[in-house]
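Have a look at the structure that comes next, please.
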Amino acid sequence: MNTLTVPGLLAVQVVGALALTPILIGVMRQTRARLEGRAGGGVTQPWRDVRKLLAKEPLQAAGTGPMLSATPLLLITSSLVVCALVPLVGTASLATVPDDLFVVVSVLLLGTVALALLGLESGTAFGGMGSSRHMTIAALVEPTVLVAVYALSIPVGTSALSAIVAARVQDPASVVSPVGLLAVVALGIAVLAETGRLPVDNPSTHLELTMVHEAMVLESSGRDLAWLEVGSWLRLTALLGLLVNLAIPWGVATTLSLSAVLLGVAAIVVKLLVAGMLVAAGEVFLAKLRLFRVPELLAGSFVLAFLAVTASFLIGGAP
Amino acid sequence: MSGVSAGIATQLVLAAVALVAATLAPARMRSHVAGAACAGLGVAGAVTGLVAMSGGNPGAGLQIPVTLPLGLPLEPLLLAPDRLGGVFLALAGAVAAVTAVYGIGYATGPAASRSGWAAFAVFILGMQLVPAASDVVSFLVAWETMAIGSTVLLLADHGARSEVVRATQWYAVMTHASFLLLLAGFAVLVAETGGTSFATIAAAGVSGTSASVAFVLLLGGFATKAGLVPVHVWLPRAHPEAPSHVSAAMSAAMVKMGVYGVLLAALRLLPQGPAWWAGLLLVLALASALYGILQASVATDLKRLLAYSTTENVGLILVAVAVALLLRGAGDEPVADVALTAALLLTVSHAAFKTVLFLGAGAILHATGERDLDRLGGLAAVMPTTSLTFGVAALGAAALPVTSGFAAEWVLLQSLIHGDGRDDVALAILLPITVAIVALTAGLALLTFVKAYGIAFLARPRSPAAEHGHEGGRSMRAAMLLGAAAVVGLGLAPGPVAAGLAEAVGASGIEVVGVLGVSLPAVDALLDPVALILLAAIVLAPVVVVHLAAARRAPRRDVDLAWGCGGVRVSPRMQYTATSYAEPLVRVFDDALQPSRDVEVSHADESRYLVSQVRFRQRVTDLVADRAYEPIVRATLGIGEGARRIQNGSIHRYLGFSFTALVLVLLAVTW
Amino acid sequence: MTALIWIPLLLPVIVGGASWWRRADGWTRGADLAVAVVALGVGIALLTAVHATGPITAATGALRADALSAWLLLTIGTVAVTALWGGLPTRAARTAPDGRYTALICLFLAAMSLAVLSDNLGILWVAIEATTIATAFLVGHHQSPRSLEAAWKYVVLGSVGVAIAFLGIVLLYASTVAAGTPTLSWVQLAEGGLSLDPDLTRIAVALAVLGFATKAGLAPMHSWLPDAHSQAPAPVSGLMSGVLLSVALYAILRIQAIGDATLGPQFLRGLLLAGGLLSLAVAAAMILAQRDYKRMLAYSSIEHMGIMALGVAIGGPLATAAVLLHMLGHGLVKAAMFVVAGRILAAGGTTRTADVTGLLTRRPDLARALLAGTAALLGFPPFVLFFTEVAIVVAGWQAGLGWAMGIALFLLLVVFAGLARHVSAMTLGPPVTVDPPVAAAPGQDHGAHPLPVDSHTAPLPTPWREPATEPAAKHRQAPVLIALAAAAILGLMASPLAAQLREAAAVLAGAR
Amino acid sequence: MSDALFSQLLATTTGLLLVTAVVQVWRYSLSASIRVLAVQGAALGALVAVLGIERGDAEVLVVAVLVLAMKAVAIPWALSRTATATGAVREQAPLVNPTAALLAATALTVLAYVAGLPIVAVLEGPAASAVPVGLALVLIGFLVLLTRRSALAQLIGFVVLDNGIATTAFLTSGGVPFVVELGVTLDVLLVVLILRVLTSRLQSAHGGIDLDELTELRD
């Protein structure tokens, strides 16, 4: 009995993600703090924050409706489902719920929409502002994401992420192929935008002019806020994980054998932490873009993705 | 007499009943009687459609023994929907039934007058006869019946608002243009084949130039009805002005007759068309999808927003059709079938959610008298049912799980990314563009409907009218719930629906999997919403446990302000409005939308350094209408004015005309 | 049988003479209607008789009724009944009877009947010229400067045109003389048996068609039409628009048959195509910026004549049958429309489109009739014009005239836009009401009365008389409704007439 | 009579017809025009008579008398009465000046000859060769209609046009059948009378018979 079932693997992914996420965030914040010459709150600070928030009672401001309490659960559900679906540890997937790209994306968007509605619910100027910006970015990101993965899916002939990753594990050449590179870079930018990192959004600011995500959750408190935070962290984990697995597929478990899974877990943990540090380090040297410059960035990434597709058609990435 | 013909006969009878009811019933109970009759008519249509859809014997139908009065060598009128027709008949019937029920409670004033209900009955009948017609003449008759009915309905409020008349003029002219184009197109086909029944035309297999001429003419006609860019201009004018149950029927069902027409032309009458037909269609459809949603995302008039989103959705539907044709041309049958199925799924799903959305908009109008999002808000508290149904429908429009919109768009994308462009340069260029535009459209749709729902129902009322909103009557709520149920139902059970629809267009390789999921072996993809929900429930369970535990320890606390800090609650006018919500987007697409902004700064009397108030107004108009249509209209009227000089009253000039004619004729004969 | 032919010729003359003689008697008021009813009856009788026994001749062949003539007689009767019935004054608006008016109408009817029943081209010409004479006084009946002007233009332009037609007939006769068989009998000419000289025939036929085209109101010889039709009393306008034009077109049909027998169809086709398209273009352009609703109706008649001319140009059983049915349908609707227009004039005292607003609120009865009639004129189902237009277009494409059909359809769209614009402006929207000035007495648009308001100098906005104070409010709607209903029923249920139509078309096709 | 004499007379009468027509274009004093019209009517009558004698056809002679009575006497008489009644003896200048009108008349005559060629070709004989004169009369009559301001002058133009048709009729075929001819003559007479009545009514309504007044009805 040294193999897992598919549900088992998914469980591992979900639990693992839940456990790892705060650490990842902590590592990123700590790296950044150190590079900026601050002491930083330590790697486990996010853990403590979440525990504290879960303990505190949430406030319901007058005139706000059900979204205030519904959104956090919706968001975290969507994030968890995504974590379960995307191939983080292994490339196996349920028969009835394949990790189909479009399903994953729309589940993510469900969370996005919930957040945006929360922002409007508050009935304040900030909430609406954040919501509006958030949706604008999301709308502009979607083409990049779809087209990029479309490019990656062409050689494999399916839109199932696990199949794509598996294929890249099988044939390392495709990893360094121009198509692959273009697509991954494009996807990378999209992920940064989707998860609200610099240069698109600064997660650690509360400056009216710049904040997007924070503006929406401004009115939330207590466990509502906790779920919101965890939910958005999980998004980061899942998407970053997917990205690194597409970029550096090695170590991903293609079988369900215990050893393979363990190796996969170790691989993803290492990859994520390294990636996290890199992102954080990068953010130190990046300034946030003006909101109205963001479309240019996204357009750029979209062009890359588009080139990737046409390339894979015309230069022929025959399977 | 087969089931189908019985069904059609029933519809004719019921229509007559509805007419009688509308004209004879006393005003007090007119809406109930006539509405019920119309609903019955709709149901009859839906049932007939389903029967016809499930095959039966094609060609069987009600043969009306009218050899046309002309001793024409035309074949007799035949009302016999084929399977494709059945789909649209069922769709039109269902929408008609729901909207009629809604109308019982909603219709007031002119809309509830004799002519109002009579026109509604005529409109529904025409709409249901279009897909039933299976020869040119009866098709055109049904088409025009539909046009007349809708025009009269559009006029309901003509006495109150002058825009109604303007909108109707636009609608009438565009509709007539579409009819004339169809007449021309069919005339070409009839002239080629010498028969008027679709069977004859299809059997003759027209090809070559005349086929292309016919196709382009027909496409023009149907596109106008379907509201494709650039012939969409009537849509954003007509839909807002019509009574809401009428807008719902128009947008959800009537517009689809344009889609049906395209399918009729491309699949039944003129199969084996050259690739450029599909290319042309694809370009138009993509343009419509993008332009439509762009306009919708910046619109602040709720019904105008919905109208533009109709253009977008029709665009998507026809994208699917065009891709299907392209792939078929490239010999990629299996994927083409998937695309075709996607087209029908999109059609059905749009019918479902757009009905609810328009009915919801009607409920809002009914309750607050407002269509302008900037003056709405906080309706969720006062209109729970409407809020719920509108929300569900909005999810559908945004193509989010687990609604009909999601399933449909999923199938579409599957067919798109599996189209093989490796050995076909055209496909290699077109498919990525298509995917990109569809994706962008989906993204913008997301924003649009978050805006529509969030601004209208969440937050705090932006006007006293919105504050005093109230729920509509029972029939209105019932209709909306019915529609919302359809949206979710279709979303949960895409499998059987897709299979049935695929059956109807003879598309193979669409299978039901799992509980109600759909599987596309051709592109090995699979979608089982029920399973997805189960998964979500499983992962949610522990979270809920923790949540409840925490809730017991620290219950929710009601406060006046989340961020008190001694501050006071800001007035609702500080909230984001629909306009400001779309502002970033307007900036991003500044070139495409060309908004007109004007800022008036009025200074305080004391000093011009003190600003007393700043007015900011931003209008986004329809560029196509402004740049393309207005000049034409102006030019035509100019010609009319100029022509008046011909008839200047001088008998000498008149004699001159005759004289010239005489001389010319003499010259002509001598030469 | 032959008596049937004589009735519609002699009865009107007798009645007309009588009512001229006893012009002050009350019975003259409805006498013309009675004559019309008889004409209708005879038309139906002849149609069935001819259907049963083939053509009927009288007066040693000078008079001849074949299916085509019978059909036209039917049309004349139908339209006349509609127009005259609708033109009857209400009891409230009765005034001293004027037998001369009745007499002229009778003469007019007799002339038209003679035109369609004569086999001799010469007599046909005389009859058509006689219609000009009869209608001249009817147009000028109001004796207002405007109606005199209209009458003058009508007579001059009309007679000159018809004179050209006579020149054509003369030359045709000459060619028969040259061929050694001098005759003007249509039957002989259309057989094509006698070998006419093509060149001579070409000139003759061209001139004849040109001349009759003037009477048929085809551009560019249409100029008299809007004036005459807008100034004549409503019933007369209805008769002229509804059937006089058709009778002229009937003459063209006969001539065409002769021409085709000798020259083949191509020659006249060009001429008629040009005429038809030009008429459509003129009508479209003039309707766009039209300010007077009676003139608008007149131009719509030009439009429909253009359509029919196209149908004639196309030829062949389908198009010809369609044209004949179009004649009937258009006659019915147009007569009804002129009746309605007359009542709007009587109610509003103005013919300016701009002065009639919110009719649907003020006078729903008139507005509904107007809207329905417009729908019929624009060729919406179930009205018959829908089917005829469809048939003509299809036939046109079959005849390889796709380009012409394309142009025609475009022009039809313009016409639609124009008519829709004006009619919606008249009927829809809130009414602009002002107090009626004391001066304007309620005026009847029945023949025996001068127009109360000089339409173009009417004060702005309308001195609109509200229905309560307005006698015409109690007008009978029956004639209008019946006419429109008939036009609608014809559309779907005309299959009983199909056989007769086919025969009527075959009369000409036989010559081809 | 001898062919020479016949063609001589033919030439004279037709020539007279043409000349009178041209004079109509040239002179625009009403009284003069009416007199010229009478002459033309006489010429037409003479032509018919000549044809009748040549054919030895009594019916045609009757027609000739009829024509003479109407065209040379009745109509001019009626016209002059109206003229004196309306006091419109002298008409103001026509729309186009006489020179241009005369040139136009020439051009039309040429056109008439060209258009007449096939007719001449088909029906041989001296009579046929004169047919173009008839056509020319028609066109010139039309020209007069076109260029004259006064209602009466237009009436005259119409009569000239009608004379042209009659000329053509008689030259080509010795006239259409008698019944028709009767009808035609009657019709023309009626038309002229109607126009006369209308003229006087115009006179009373507009205080003049200047057609430029008649531009009330326009778009």
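Residue numbering begins at 1 within each chain, and the chains themselves are lettered A, B, C and D in the order written.
What we mean here is this: a residue touches a chain if its C-beta (ideal position, glycine included) is under 8 Å from a C-beta of that chain, and two chains touch if they have at least 3 such contacts.
Because the structure is predicted, anything quoted here is derived from the model rather than measured.
Each chain gets a centre from the mean of its Cα atoms; the one farthest from the centre of subunit C is A. Counted by C-beta pairs in contact, the busier of C-D and B-C is B-C. A straight line joining the Cα centres of subunit C and subunit D is 31 Å long.
Inter-chain spacing, taken between the CA centroids of subunit A and subunit D, is 100 Å.
Here the CA centre of subunit B is 43 Å from the CA centre of subunit C. Mean C-alpha position of subunit A lies 78 Å from that of subunit C. Shared contact sites, meaning residues of subunit B that touch two or more other chains, fall at 643-644, 646-647, 651, 655, 662, 666, 669-670.
Each of the following residues of subunit D touches two or more other chains: 115, 118, 142, 145, 154, 211, 214, 216-217, 219. Residue positions of subunit C touching 2 or more other chains, listed in rising order: 152-153, 156, 160, 164, 202-203, 226, 286, 289. By the document's touch criterion, interfaces exist between A-B, B-C, B-D, C-D. In the complex of the two chains, the subunit B residues touching subunit C come out as 66-74, 137, 140-141, 144-145, 147-148, 155, 158-160, 162, 164-165, 168-169, 172-173, 176-177, 180, 183-184, 186-188, 190-191, 194, 213, 636-637, 639-641, 643-644, 646-647, 651, 653-655, 657-658, 660-662, 665-666, 668-670. Of all residues in subunit B, those touching subunit A in their complex are 297, 377-378, 380-381, 398-401, 406, 409-410, 413-414, 417-418, 421-422, 425, 427-429, 431-432, 435-437, 439-440, 442-444, 446-447, 450-451, 453-455, 458-460, 513-514, 517, 523-528, 531-532, 535-536, 539-540, 543-544, 546-547, 550-551, 553-563, 569-570, 572, 574-576, 580-585, 587-588.
Per the touch definition, subunit C reaches subunit D in the complex via residues 120, 122-123, 125-126, 129-130, 132-133, 136-137, 140, 143-146, 148-153, 155-156, 159-160, 163-164, 166-167, 169-171, 173-175, 177-178, 182, 184, 197, 199-200, 202-203, 226-227, 230-231, 286, 289-292, 295, 456.
Residues of subunit C that touch subunit B in their complex: 152-153, 156-157, 160-161, 164, 202-203, 206-207, 210, 214, 220-221, 223-224, 226, 271, 282, 285-289, 317-318, 321-322, 325, 358, 360-361, 375, 378, 380-382, 384, 386-388, 390-391, 393-394, 396-398, 402, 405-406, 409-410, 412-414, 416-418, 420-421, 424-425, 428-430, 490-495, 497-499, 501-502, 505. On subunit D, the positions that touch subunit C within their shared complex are 115, 118-119, 121-123, 135, 138, 142, 145, 151, 154, 158, 161-162, 164-165, 168-169, 172-173, 176-177, 179-180, 183-184, 187, 190-191, 194-195, 198, 201-202, 205-206, 211, 214, 216-217, 219.
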